[in-house]
Amino acid sequence: MVDLPVTKLSWTAFDNLNLMEKAACMCDGGREYHVLYAQQFGRERLDHLGRLATAIRRLAKTKEGMHELQKMLPHKRAMLYFAQPSSRTFLSFAAACQILGMPVAEVRDTSVSSEFKGESKEDTVRTFSSYFDFIVMRTQIDGLAERMAWVLSNSERPVPIINAGSGKDQHPTQALLDVYTLQRSFEERDGIDGKVIMFVGDLARGRTVRSLAWLLTNYDGVRQIFVAPPELQIGEDIQALLRERGVEFRLTEDFDASLREADAVYMTRIQDEWDSVAGESRRINTDRFHFQPRHLDILKTNAVIMHPFPRRQEIDIAVDTDPRAVYWRQMRNGMWIRAALIADLFRCDAMIQSDSVRRCG
Amino acid sequence: MVDLPVTKLSWTAFDNLNLMEKAACMCDGGREYHVLYAQQFGRERLDHLGRLATAIRRLAKTKEGMHELQKMLPHKRAMLYFAQPSSRTFLSFAAACQILGMPVAEVRDTSVSSEFKGESKEDTVRTFSSYFDFIVMRTQIDGLAERMAWVLSNSERPVPIINAGSGKDQHPTQALLDVYTLQRSFEERDGIDGKVIMFVGDLARGRTVRSLAWLLTNYDGVRQIFVAPPELQIGEDIQALLRERGVEFRLTEDFDASLREADAVYMTRIQDEWDSVAGESRRINTDRFHFQPRHLDILKTNAVIMHPFPRRQEIDIAVDTDPRAVYWRQMRNGMWIRAALIADLFRCDAMIQSDSVRRCG
Amino acid sequence: MVDLPVTKLSWTAFDNLNLMEKAACMCDGGREYHVLYAQQFGRERLDHLGRLATAIRRLAKTKEGMHELQKMLPHKRAMLYFAQPSSRTFLSFAAACQILGMPVAEVRDTSVSSEFKGESKEDTVRTFSSYFDFIVMRTQIDGLAERMAWVLSNSERPVPIINAGSGKDQHPTQALLDVYTLQRSFEERDGIDGKVIMFVGDLARGRTVRSLAWLLTNYDGVRQIFVAPPELQIGEDIQALLRERGVEFRLTEDFDASLREADAVYMTRIQDEWDSVAGESRRINTDRFHFQPRHLDILKTNAVIMHPFPRRQEIDIAVDTDPRAVYWRQMRNGMWIRAALIADLFRCDAMIQSDSVRRCG
């Protein structure tokens, strides 16, 4: 059985902790057991997972390498519980499990599980833990993944939970894939340290940006530029955090000027599904924050353009063929980093890395 | 090709048989081929399947053991056809197939199969038998699984059907997991023979209780106590059957007194989805049939508390941490006994048992 | 990377091509890369795929043979994207992938993918290509599969697309399974050449008949008889094509007379889902185009009866037990030919054929 700090706490005691304390509670000797918050990942872990994702990616290029990978976890079963619609995150987790040879079951359409009507969420999730060895969970309910991780940790089968998006607050594996994309983009330029990262769009409500801005504080000398209309600017809480960590940043509406400085431009869409009044977002003109083909002339030659998807009009499709547009590779990175996370969770990291060295040099 | 008694009968001739005769018709030399009724299982089969489930459970503890199990049935394909919503039964069957290395396909949301509109149920099920090697089937239609087993038995591809819940009448694999849980609970107390089993709740409509009460008649000296409000008491048909088999039983409303005698307490929820008038069940006060923490003091120290799930208020969650609460283990037993049933169906039982002896002693 | 003719063309240039030119554009050195149109398949390819399907079918009879097959493609991942409801085509593709050891993911219920709301179809399909190695796609939108094949061919991950039914126009793998069924039915009668094929029912709107009629022009001396009420007769475009290819055919309403000549009778249902006015089809009396038990006396002793399913009243179920009724075998052939197509796509054809010779003689 696992021995996590959280198993020693009542729900009330746990719930009263601050985010950093909670994050530590879900780790087992420095390594995350349940993956719930971006705040669980320090630089060492980010670097380790990035290297592991690359080892997996290289092995996966050949049939023999894939065969090695698929021998890792055929004896474990994954449960993908997606109560909130999602295909991108779902499919990348499914593919990640398949890469590691892991059988997958799913509950995707919430109407399917109407047998569960009248049943508590706790009983539902304990049902999953009865049959499967870990649970990937996406839900529109704030804090539900955290609550379930506490429940399972205090049960006889404390299988790990990976948060694949929980309400408005956290989506840690998206932040991991973003960091991995930056690691790869700058791998021949001394890594992420010292780079200028520019965020554009709906920074108020995008959980992706909030998590990534935090993770970047693990790197030295990174400058962050937040480009958005005032109504959609990055929250006060993130600004306070950046100040506290001594990170240089600025808020601006000047897209073009910022673009000249950026090493990475992180575009996002308007999250109108969170509008408190219908149509609220449509009143905000965001055209001047769209990436147009003409911006390619302004952008540094070695910069990269990212987007977490889905995209609407934020990036003109004519930009797609520019070599600096890495958002398709970024999407595929989601599969690699999720495979790395799962492999690491079940302690296959060392074996994969030695396979990779042996086969791929 | 398989040679079942049912293949020699017209539908009308078959349909006119009584339940015990029908049960025999679906067996192939004493071993069930289609799994449709609890009445197909005698004591010898129950003991065999229980031992096989335990062999699988022990092998599944290690990666090497899982590897042996997954070599059993990769060459067979399972079809899970769940026209009636269910997640627990569905997921445990999916996990059971994965344990045996068997690829799974599913039709879960009935709206998905609207291509089938205007097609007969017979043609739909023969479609499944065209691509898959056995069919797990759950439906709200009484007798449909039975009808389909007759259809397939008289076709060119008579693949086995497992009934995973058919209307109000039968849910045989639930009864099997209940018996397996009792076998395990009493394995150091000379087994199920001579024990006192107490059923509580909606005994009129719970197909689970009806099937289990029947299966327990295979054991010697078992006493059954049915605790329910008069409106929800066990049916006359089951009582007649118990009398015929010489089983000692009683009907009562006295929960506390019964509890003092019980070796196993089988709690159930109110099945209000079968109400003939909406809200009918709500008029019945069932509070006095709920298991409260205070009941733990009354219950024998070596008794067990069971529940087929989903649960509502029948068992207070404070009871969950008592070692006598075996309902989570019972749920997991569903996966093991279903894996055993499938393995046995495809004649992998001897190989699994010898693997288990070799590896686990 | 693959080098298809389509990658050299703009969408407009491609879209202006005629069907035969388009078909050629999707092939890679004479072998189809994307499978979009029946018109991509000439006789040599049809014969090759038929032989491969038979090799797979023979290997699949034993556990050892299945083991060989499942070693073919475990390193590739399939995406089944079914935006239009379908179970038969979906399940046969799923089974085909499982036979080759290929992990499968699916998006079946279109409501599941509502994360994609506001996203272009192009971005959605590129998402699939980010995680998977080929895409099976079914949609109600005419020409969408073709458009997506063009998009992927001009992207960094040009994974193959198999059209599993696109609007009213094409369903090429259905046509392939029909040809394979004819190949098997006539394998001891010198094959399809010189046979009389009779089509019955809704010939105006059945994409199946349209594709098969075309594919049969690859064989010598085949005569085609189209039996339907005038409102549902085969389209002028197909007639023109048959004339151009010098194929002997006739249109008639005389079911019984045609039956005496036929080597194969291809029955179809009324496709009322394409009615432009609701109930339109119901006003047409099609009773005289139903296959009744009495027709078995008229039919040649070595002829075969086919149906693409689902069936309604077109074939009386009493006909099912006649040995000339091959429609259940035809359905199962769909699984074998789809497995052959996928195996061929990934260049496993030679290895499978040599395994089959070695093991099955």
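Per-chain numbering from 1; labels A, B and C assigned in written order.
Heads up, the rule we're going with is that a residue touches a chain if its C-beta (ideal position, glycine included) is under 8 Å from a C-beta of that chain, and two chains touch if they have at least 3 such contacts.
Computed from a predicted model, the values in this text were never measured in an experiment.
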Same or different: do the copies subunit A and subunit C touch each other through matching residue numbers, with over half of them shared?
different
Fitting subunit A to subunit B on CA atoms, where both chains share a sequence, rotation angle to nearest 5 degrees:
120
How many angstrom between the C-alpha centroids of subunit C and subunit A?
41
Expected list for subunit B, residues touching two or more other chains, is 109
Taking the touch rule as given, give the residues of subunit C at its contact with subunit B in the complex, in rising order.
60, 62-63, 66-67, 70, 85-88, 91-92, 94-95, 98, 108-109, 269, 309-312, 317, 328, 331-332, 335
Subunit C - residues contacting subunit A, complex
74-75, 77, 79, 103, 105, 107, 109, 111-120, 122-124, 126-128, 130-132, 155-157
